[in-house]
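In this document, chain identifiers A, B and C correspond to the written order of the chains, with residue numbering beginning at 1 in each.
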Amino acid sequence: MSEDARLAGEGGVGSRVTIAISAIVLVLVCLFPFAWMALSSIKKLPELFTVPPHWLPNEPTLGNYWTVLFNSNIPRYFLNSCIISGGATLVALVLAVFASYGFARFNFRGKAWLQTFVLVGQLLPTAAIIVPLFITLRWLHLINTYWGLILIYTIITLPLSVWMLTSYFRGIPYELEEAATIDGASRLGILFRITLPLAMPGVVAVVVYSFVTCWNEFVFALVFAQDQSVKTLPIGLAEFSTEFNTDWGGVMAASMVMTVPVALLFLVFQRLFVGGLTAGATKG
Amino acid sequence: MKLKALAGGLAVSTLILLPSLAVAGDVVWWTPNWSQARAQKLADDFHKANPDINIKLQITTSNGLPQQVMTALQSGSGPDIIEVQHGWVQGYAQNDLVQPLDDTIQEKDDYNKAVIAEDTYDGKLYAIPYRIECTALLYNLDDYTKAGLDPANPPQTWDDWVAASKKMTAGGVYGMAITGGGEFGNTITRALPLIWMNGGDIISADGKTATINKPEAVAAIKFYTDFYAQKLSPDSTLQNDGVANRQLFIAGKVASYLTGQYDIAPIAQAAPTLKVGAFMTPHPAGKTTAGILNGWSYVIPKDAQNPTDAKKFLQFLNTSDNMGYFTDTFPARVSSLKLPRFQDPLLKPFAGMLPFGRPTPNTPHWVQISQAMFNGIQRILSGQQDPQAAMDQANDEIQALLDS
Amino acid sequence: MNRSSTGLMFILPAIAVLLMLIAYPIVYTVYLSLIDAHGALTGKNYANVLKPYVTRQAFGNLLYYVGGSIVFQVLFGTLAAILLNQKFWGRSAVRSITLIPWVVPGIVAATTWAWMFHTEFGIINYMLTGAHIIPGPVGWLTNKDTVMPVLIAINVWKLFPFVAIMVLAGLQAIPADLYEAAKVDGANFWEEVWYITLPLVRPVLVAVTLLLLIWGLNAITLIYAITQGGPANLSLITPIQIYQLAFTSFQFNEAAALSVLFFIVAAIVVAVYVKVIPSNTAVAR
């Protein structure tokens, strides 16, 4: 019996109502501040800081979006962010897939130490590593380049990607791969034709994690991208602030521009988040 | 020094082999985004007069600036000119990250003495100031006159100040908002001058002893925090910085607060019908007022690629007229103050505070010392300690820093 | 043996990249922590950071903040994942909406929450006093009893979607026939969760908790943007203390010393975690 039919036939009204209520609560919790941000993005300046505060603008305006799209650096930075985040995600993914498979399926000497080492870099406070990394990147002539930031972001996201993907690979029953080995398939072949497709939800999760982390990263971008041609969206957000004043309407509008595309992208990736692929695969 | 060698060793070996990135005749200038247009104009003017020198602007933002500058300076590869706040100069100078500029500054006597002292370390000038500002009292004209106060006769003494604030506290409006939150600089700028006015100081003149728990200092701190204790400052004081106070002022919840003239324009933009007035910060009876001069200076990093041309450009930027044109608030040169744009009557109290500005103490641990003072003030405001106890604790912490 | 070297080859590229770019910072930081401003070797930096009370306070706050956050991030994230795994109309949209708190730029989320919790401007006080749930405005971010719980709540809001998505991905690998078998045995929904779902997503939960731990130990954006560690160090955590030492106080040597100490403690915690949590892997034979 398929999972759909099982769920459709079970529980009845009680569980449907629980699910519906829970889903609504979840949506409200997630959207509450976001709604405030969205509404702020269409308010004019005098309406943003009233006491007492009010939800809906009396005079809604699209002026903030106009500023963001036509009067700021956001469009250019959007492109840069896409390139850098996408590039880093791809590089980290490739490296992580291989490394995770190695950790998940093999035993070798020093494995525990190497696994710990992978995480070790993440434990150094940003304040401590930023100057030596800057020196290293400058030595490699990668300051103010896409590759420089891609490299930095790869190091930032790689350790956790490896760890997560390792656990997803472990979730795939080894018997499936074993069957292929007996049939004479190579390790790499197994990885790409069996394990990876089955672990696709995990891969998507890791891609989302990498991309979101790179997309929102500010400190390294600030230091390593000094030239407008490579600056990223978080820096664009900071540019809405002058010394004592912040264009809050602009910041909120820019935040919308930063957030909504990613959420929509995830919507598109949903079809890869499919489960049940391993069902029945090992039944005799 | 060994540190530089270690770091530089890696980089230098490659730099020798590969061509340098900056062409001779390029001056890279890190300038903040709020004055970008003016910076560009000055750069273009300079280039017309000196066609063989290219000024390249790289725009910085307020957010993350200390980190950005520090990383560039420490890694030995920064631009040629950076705009930094006066308060950071001591730290850079003490750590040998910027060059002395005694040979660059012209007509030094024309500059405000206090800010020159701020930028001086060990007898040498390490930065050229171009912008200074001081806080004064900004008030809502309607609330002020409704309370029966006369704009032509503003409060001069601390007692008058409290009395006026009490009169303006009515109908849900707070008479005098102090800062108690946000970045500690906000509160130090407003509270430390009160200590000075009262004859005290945060550390002794020789920089060896902490003096913040002496009677004069404690009385000044108590005066500051009493605005909150007596409910003349809003309930949210502990989370408010200068910007929050401005927003409360715009919303009509606050009748007056201490701030610089940079708030006048945002207030006009957000609340065009709100009329404002200003007066100089009151002082204890029989004493004079005081202030801290915040603002910005130019520094040239130790490892700048093109210091010669950079210095030439700095001299151009700091002529009386150019400085007057570029600064957001007031120029650091007295002669520039005569320019028309500074003659607005509303600016008069702020300009009047400038001669009373004093430099902050010249000690390596200044930032941590001011943080200790700020924490003490927060402990008083949150009710954890009374002023004497809070300042005693701050005194111990500061003494420990001075002894280390 | 063939097995061993194959495994090593798989992990080599990642290890090489990390080694190249992490080794130097580690050496640099350790070196910096052992010299003073003039380059002479000294242990003074370590003494100077360990002595003041603020270091212990910041570390204590950190443990409270990270511990409190992780418990609720994992709890709510897992519950959300289980919910999102059920079939219902609009599920894809709800999944995307769940992602939003995590995707929203940290600094914007922080300032929005700070704004909403503001004693005077905040919509939260406004709504709670309007509905008569509380008698008067509360100083959420200024009161010593509420500031850390509020910061933890904001942190949970920000990161539980991460847990939800990661666990959801893990849930997809659970074969449906296992649930069938349980149904036949008469298990109800929560028993299914307890006996089937949780054990099978255990590897993912373990990994996610570890990640949250590591992240939490280094994350300063939220607290720094909202309270800057105040009032009076009530919400100061060690990473912020390090940041302040390095970039606002010009004490890079002390910052390096504190970084090294912090790194050692964190590495020990992580190593213990890795060793203690047994990994039940089917290994390539």
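Throughout what follows, a contact is a pair of C-beta atoms (placed from the backbone, for glycine too) under 8 Å apart; a residue touches a chain by one contact, two chains touch by 3 or more.
Treat the numbers as computed from the prediction; the structure is a model and nothing was measured.
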| item | value |
| --- | --- |
| Selected interface, A-C versus A-B, where C-beta contact pairs are more numerous | A-C |
| Core chain by centroid distance, with centroids computed from Cα atoms only | C |
| Intercentroid distance (Cα basis), subunit C paired with subunit B, Å | 36 |
| Where subunit A and subunit B are represented by their mean Cα positions, the distance between them in whole Å | 39 |
| Centroid distance [mean C-alpha coordinates] between subunit C and subunit A, Å | 15 |
| Subunit C, residues touching no fewer than two other chains | 28, 107, 120-121, 246-247 |
| Per-residue multi-chain contacts in subunit B, two or more chains | 7, 63, 67, 70, 74, 247-248, 251, 253 |
| Residue list for subunit A, restricted to those that touch at least two other chains | 49-51, 127, 131-132, 135-136, 218, 238 |
| Residue ranges of subunit B in contact with subunit A within the complex | 7, 10-11, 14, 18, 32-34, 58-59, 61-64, 67-68, 70-72, 74-77, 242-243, 246-248, 250-253, 260, 262-263, 266, 269-271, 328 |
| Subunit A-facing residues of subunit C, complex | 3-11, 13-15, 17-18, 21-22, 24-29, 80, 83, 85-88, 90, 92-109, 112-113, 115-116, 120-123, 126, 157, 161-162, 165-166, 168-177, 179-180, 183, 189, 200-201, 203-204, 206-208, 210-211, 214-215, 217-218, 220-221, 239, 242-243, 245-247, 255-256, 259, 262-263, 266-267, 270-271, 274-275, 279-285 |
| Subunit C-facing residues of subunit A, complex | 1-4, 6-8, 10-11, 15-16, 19-20, 22-23, 26-27, 29-31, 33-34, 36-37, 40, 49-53, 55, 95-96, 98-99, 101-109, 111-112, 114-129, 131-133, 135-136, 151-152, 154-155, 158-160, 162-164, 166-168, 170-175, 177-178, 187, 198-199, 201-202, 204-205, 208-209, 212, 215-216, 218, 233-234, 237-238, 251-252, 255, 258-259, 262-264, 266-267, 270, 273-281 |
| Complex contacts: residues of subunit C adjacent to subunit B | 28, 31-32, 35, 37-39, 44, 48, 51-52, 107, 114, 118-121, 137, 139, 141-144, 227-228, 230-233, 244, 246-252 |
| Contacting residues of subunit B [partner subunit C, same complex] | 1-3, 6-7, 63, 66-67, 70, 74, 91-92, 94-95, 180-184, 234-236, 238-239, 244, 247-248, 251, 253, 364-365, 367-368, 371, 375-376, 378-379, 381-382, 384, 397, 400, 404 |
